[in-house]
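The two complexes that follow have chain A in common; it is paired with chain B in the first and with chain C in the second.
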Partner chain A sequence: MARASASLNQQQVFWLCAAATGGFAPLTPWLPWWLSALSTLALLSRAFLLWRKTPLPPAWFVNLIAVIGSIGVGFHYRTLLGKDAGVALLALFLALKLFETKTHRDAYAVVFLGYFLVLSQFFYSQSIPVAVISILTVVLLTATLVALNRAQAKPAASLRLAGVMVAQAIPFMLIFFVLFPRIAGPLWGLPQDSGRAISGLSDSMVPGSISKLALSDAIAFRVRFNSAPPAQDALYWRGPVLTDFDGRTWTIARPGVSTALPYQTLGRGIEYDVTLEPHQQYWLFALELPGKLPADAVIGSDYGMYAKKPLRERFRYQVTSYAQTKPVKEESSEVLRVALELPSGMNPRARALGEELGSKHKRDAIQIAADMLGRFRNEPFTYTLSPPPLGRHDVDDFLFATRRGFCEHFASSFVVVMRAAGIPARVVTGYQGGEINPIDGYLVVRQADAHAWAEIWLSGKGWVRLDPTAAIAPGRVEKNLAAALPAGEPIPMLLNADNALLRAVRFRLDAVVNGWNQWVLGYDANRQRDLLKALGMASPDWQSMGAALMVLCGLLMLALMAWTLRQWQRTDPVIRAWREFQRKLTRRGLVAQAWEGPRDYGLRAASACPAKAGEIAEIETLFETLRYRPVQSADALRKFRYLIRVFAP
Partner chain B sequence: MLTPKTRSGSPSIDDVLQTANHIILGKEREIRMALACLLARGHLLIEDVPGVGKTTLAHLLAKLLGLDFQRIQFTSDLLPADILGVSVFDRDSGNFRFHPGPVFSSVILADEVNRATPKAQSALLEAMEERQVTAEGKTRPLPEPFFVIATQNPAHQIGTFPLPESQLDRFLMRIAIGYPDRAAERELLSGADRREMISALQPLLSAQAVLELQQKAMHVHAAPALIDYVQALVEHTRHAPEFDAGLSPRAALGMMASARAWAMIEGRDHLLPEDIQAILPSVAGHRLKLAVGGDMTIALRQLVESVAIP
Partner chain C sequence: MQLAQFGPGLKRRFYQWALRGRAPEASPVVLTQRRVYVLPSRAGLGYAASLGVMLIGSMNYSLSLGHVLTFLLGGLGISAILNTFRNLAFISITPGRCSAVFAGEVAHFGLVIQNNRKAERPALRMCADGGDWIVLEVPPADRIEALLPLRALKRGWLELPRVTIETRYPLGLIRAWAYAQPKQQCLVYPRPALNAPPLPTGDGDQKGNVQLGRGSDDFAGLRDHHPSDSPRHVAWKAVARQHSDELLTKLFSGENTQSLWLDWEQLPTGLDNEMKLSVMARWVCEADAARLTWGLRLPAEVIMPGTGESHRHACLQALALFGR
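Our next item is the complex of A and B:
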């Protein structure tokens, strides 16, 4: 490239500043604040120097800033390698590069670094706004390339041309997106950030751990039912099952897992698919109880469903659940022993209550449980998001003193009392309910739907779900949290039924986001196969996809060429023939400049091909006549076209 | 922009150019440009160092075209009356009688025009624009053709009054003559005195013939595609960041007139984009101002190279 070392004009450097800003700005939410500030300052001062036409700072100064910035990045991330530190360094260097950008070669480096930074946004987020911003940034960067190659172009013209180019690329992008063979799983592993806090259920529960989720609108998962969804109070999404209790904290017991169901399903199942947001844990959620497991999932001895790897990406799976089940065999004595364990010395009053209930009802589990649920219903218990703090014996404090609590208080104390009465019992956490989005029909389950309930073992019937919350606040399971909480309690904004407009907007927005997740981000090998089958491709293997890709791209190219040809045919026949003449000479190395007059070009051509000088002069004279003389004749045009057709330099 | 030397349609123009090239050596293009300026009914500003032949050029053109010639040396004490003329009381008739000044000639050399005060400058420039002189309430037309060649010394600006942009605009073209090349200079040194050569010359044209040529130049055909090209060039100067202000419609008209005269000298009755490119530096150079500074010649070359011929 002959222009590579040519220097840039002021407008082009402004373009570069804009391009660098466009590449860098969307990354600011993920960069350390001081780095964002440093890069912004660098960009602003570069633009200011340019505006004031002040000379650039010396190279050692820029290098010093680069070294200081790199040390800062090293300290901040404890490394200079890896995704985050790498992106931070690129963002810094992009801004500093502008201080030494003088030639076209430097300018191209800036623009391509900008393109790379656009990609790096997707390390952090793949949402719709990020995609829109990326496309806009790509237009800006492309416009910068246009401006670099057309020193005199007006900014609006550069942007328009870049927009047209990106718009023309979009059909190709879509074809590639749909047809490019997908590989199951990502092409390369992205380093994961460890310890990123994600709200959601955990593998342990203390009083307050569920209620702190209750105000979160964050989406836990979305469900699409293949038939009518079950009633709201049947939507128990089983999650971590907590068996171990140390007197205060319930924790998951590492269950043995297998692919065979430990129970037998009865009746008709409910088919649905779940799109689970990543929660960095193993467990999957399903309606109680899953009958047909999704591929790559296993079931635990606690009836919990687990993935083989922690869920670091959005995961979509199909399940069939059955409301009625019966155990295949008697539960192992080990499981039952653990389900009766209570730490000694803790919560003496609750244990006394349990023993009293046990002897009163002669160890009849159903009656004991009914008695306990009746107590919750009849005694002045309150279902609240802001319970008073509890002491060391928190189950005792709750049952006999404060009597104000959230679902985890009720579930925990119920299980403690059941165990004290000699009935194997455990706490099940998960989500209860959800909300159907009327726009796309998906059931949306949010963190606010997090719930804890209890399970007791009934010999012959298996594990039976008992939800103490339903006894004290039936609205919680029949409708939602807002319906169950006393007036005046803070509730998640979106559950507030009064806020109809907000809810309508949110439904629409969520439907769009869900569509994006399902069809863009979730477009994996399976989706691709299903879609292509639906579109009539018999066997969507990679060969046929590749062939379809080629054919469609070819057709698209033909369409674009046909469009160009139409434009071409609209131009003056004289100009068309003249361009043909120039094209023939271009093959001889005589490239016509857009600003070169016909006579100059003719002379240049004649001196380059002396053997053809006569023909060239005749053609040139005819062109002059046809284009610049007042009288036109059809004969001249015919002759002109004929001469050009037979012209062979 | 390299236009081949063609024989023009009018043998008289060829003769004028040929003879002039014998007197002023190695300056074919400049002589051609000066003649185009005259035939386009414009005025010429020559900006160059002393001694490169500005006066000789003016003198030569006047002589060859058969026009009367006057030279006005501009100095800081020059008064408008020194240019336009003065009324003197005539005792015989008992009336004031107007004594026409040097401006009442067909070819005027205004030497070192930037040495005079703005008042004197504007007297000349007004006469150039109006082609008439109003003195003591009476309007007197200037002879036709009327052609002013003003010279300016670009160096030594102390004690001068540089022409403001609005007055530069009165000149259709601004050119430089430049030093002759080695061969031409040698021939000049070994040859006869140029002044004597000029006085020995016979006029090749007359005032009437020049007027006819000016008329003919106005009728050179400009195709729509060519007008598009002039418009594209002018519009480009109005948007390009290199220039402070773009070319005015008057400048565009000047481009058309100059290019027509140029095409006629080339022996054509129609305009080509090359004509526009040939006269562009002379017509646009003094009307544009660079935003940043730098070389106007390069900026004009870039201007031509960044506008595609429609």
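Our next item is the complex of A and C:
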């Protein structure tokens, strides 16, 4: 077709350069730097050549660059097939495509590629700022389409029209977003590169690994309680349980898992749901101890809750936790044996202390533990984020030399002493506390709330939590980290309780982000079903959703159509009255000709009906005045309409 | 375009149905919503396919914002349908001027395109069936005259064929189009013969023959210009010399004094009728160019000697419609 092969004018190619830049620029933080540089260079040189009206480089040169860039991408990602490599190639090809864009068909390809690049940003971030940038990019790309379809369009007019059209599209988007049936889970296996390293708890702990997290105010998860939240010092969010100890590093023991609880729950449970940020690990967090497991979760022999797949996306689950539990049966001897193991030759003084306490209290676990906690409380131990470095026997160094440490030091040394005293013990990591956001009522748990504590086995009572940090720094568990640390310690800015304004702003901002996460990003098949039920749809299956979708879209289209027609019918009252005048004369056979101005028509009419010549001349003169005089009086229009109403040729 | 794969018979019946058997139509032709057809263009199909891929990708990677983007672009497509439709609907078309042309030339059918809306209508494309496309833009609440080109092949009245008016504005994803056939015709003069015999000026036995070129040399004075005067007779030098804007017309004494008769019977008998008409058309042109006074004698019609634009037109019209 003639149109598809029509060549582009200079302004249109400028638009395409702008569109390609708009599609590509938001991706630069996630692309390899050299690829960003190459694409930027290509875009700039294309615009420069256009500006100077210089001929384009030969095709072989552009192809050579494309091949070199592709090889670079292949080396960088070790593949050309993955998602990241695909996005990088898309960005490169979009920039190079501009060197061989000559026809309208090429131009459409560039714009559609731009839309794909907007989508590919969401692989890396779906935050509110990214959403805003994406909308702006869509407007820019759409304005490019407008410019492609009108040879001499003013840029501002194209942008405005694109903005209006995107605004018209938003109601359709909302209807589709709410009602389009969501499908849970991937359609095919996700490639392995879909997750990236994110800070958080890991499956091992060395001195310093928790205190490193304490400086991060990144959010670990958010919790909404169905009833009043428990007291602050009961908010122990159990995470990885570390049993294996090599003298320095605590690591997770691979637990056996089942769906049956290894303990009995007592009393009333606390219901809540957790929205967990992706951490690329299997474990889920719950208050101790979960009674009703969320769907798709299992419980380990270490009482930890695990998902079946690593969490690569934000995950929401419901749990009921019970403060009181009772073991179903005696713990297996294997678990107890591992919980007593200490590497030989390490930390001799701590082992000696443990053996001494064990014999002193006749192996009474409760008394031994109380003695040890009392030592933490009474001897000059300091709770600090910046403990001095420790030597090879780091538990010994901490207990008997430096005596300055963070929660992992206290938990680790406590468990070592307990084990030496013959009491099965283990380190539990997780989060302690959290902060209720008064705006939306969610409890926000941050990485800074990361914590480590101990559990000891008491025959008949099961695993019992003991938190040495609570002994040395009670403020840590009763309030938060900032309250427990001595003045002058570096703490995350957002935990600083002093700045009321900052806190208010942060609460508001976080409520917005949380609403976004819950309702936009977390809108999945479950959320959709719940929402539609709440909106009164009895059985939200895909048929009824599809029907509702069609009906609402149809109504919306009708409304927009009515707007279209209203725009058409809203004619100038002067013109409307003049048409009436013409209609009356037409009945006398005086048809207004298309080439005839009002004055000529008036003269012709006057000569055809001389009896009415005066009236016709007056009406015509008024019409000219109303149409062409810059200053109008309201009386003139009224008189004009009256004259025409009574006019009878 | 989209109908090309259908059989020609089906195509013809579609056009008949599309025009609802009204051709030619009474003016003004208003493109009401029932006459405007809307279908995706090839770019629109590509757009839809892209959206399908984006939707599948968003589902697979559980990209909530991917869903948002895909649905937003889907809504944009719907908005494009409405806006493209709106750009074309309720245009009214009335016939305008159409100057006569010679066979073999391109006729330009004037159609007045009226936009009653307070919004401009950019990027409208029109073509008469068989002619070239023209692109036009109607300002808000205004009208413009579109000149549709169509090659005139035969003498006589050339009726305006079916007119297609289409637009893809604003996004090019949707094509809205309509058919119209306003009553409009163009007079096509016979094609002037290339190798015509010279003007029959020197035969001698005919009364009123003239010697070529004399009449126009006898300058007889100046008078005020009338709109009916030939622009060739404007005394440009005299106009340039005086200070007012009034045009002046040169008068020639040679005119009106002697007449040339262009006679059908004088033509060689070996020529067929069309050839004879061609030759006479050439004579009329030459006589007019030489500013002679001439009359035309056809088997069924005689045009008395005269001169000027309207006389030339009358003569050529008689030739164009000869036997029709």
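Assume the second predicted complex is superposed on the first by the 562 of 649 C-alpha atoms of A that agree within 3 Å, B and C clash if a C-alpha of one lies under 4 Å from a C-alpha of the other, contacts with A are read in each partner's own complex, and residues count from 1 in each chain.
We take it that a residue touches a chain if its C-beta (ideal position, glycine included) is under 8 Å from a C-beta of that chain, and two chains touch if they have at least 3 such contacts.
No experiment lies behind these values; they were computed from the predicted model shown.
Once the two complexes are overlaid on the shared chain, A:628 sits against chain B while remaining clear of chain C. Applying the stated contact rule after C-alpha superposition, one finds that A:28 touches neither chain B nor chain C.
Within the superposed three-chain model, A:53 lies in touch with chain B and out of touch with chain C [touch as defined at top]. Contacts of A:154 after superposition on the shared chain: chain B is touched, whereas chain C is not. Contact with both chain B and chain C is seen for A:595 once the two complexes are overlaid on the shared chain. Greater residue coverage of chain A by touch, when chain B is weighed against chain C, goes to C. In the superposition on chain A, contact of A:119 is made with chain C only, not with chain B.
Residue overlap on chain A between the chain B contacts of one complex and the chain C contacts of the other covers 150-151, 594-595. Note for the complex: chain A touches chain B at residues 9-11, 53, 150-152, 154, 593-600, 603, 624, 627-630. For chain B in complex with chain A, the touching residues are 1-4, 221, 223, 225-226, 236, 239-242, 269-274, 277, 292, 302, 304-309. Here chain A touches chain C in the complex through residues 1-4, 83, 104-105, 108-109, 112, 115-116, 118-119, 122-123, 126, 130-131, 134-135, 138, 142, 145-146, 148-151, 153, 161-162, 165-166, 168-173, 176-177, 180, 182-183, 185-188, 190, 194, 313, 520-524, 553, 557, 560-561, 564, 567-568, 570-572, 575, 594-595, going by the rule given at the top.
For chain C in complex with chain A, the touching residues are 1, 28, 42-43, 46-47, 50, 53-54, 56-76, 78-80, 82-83, 85-86, 89-90, 94-97, 112, 114, 116-119, 122-123, 133, 135, 141, 143, 168-173.
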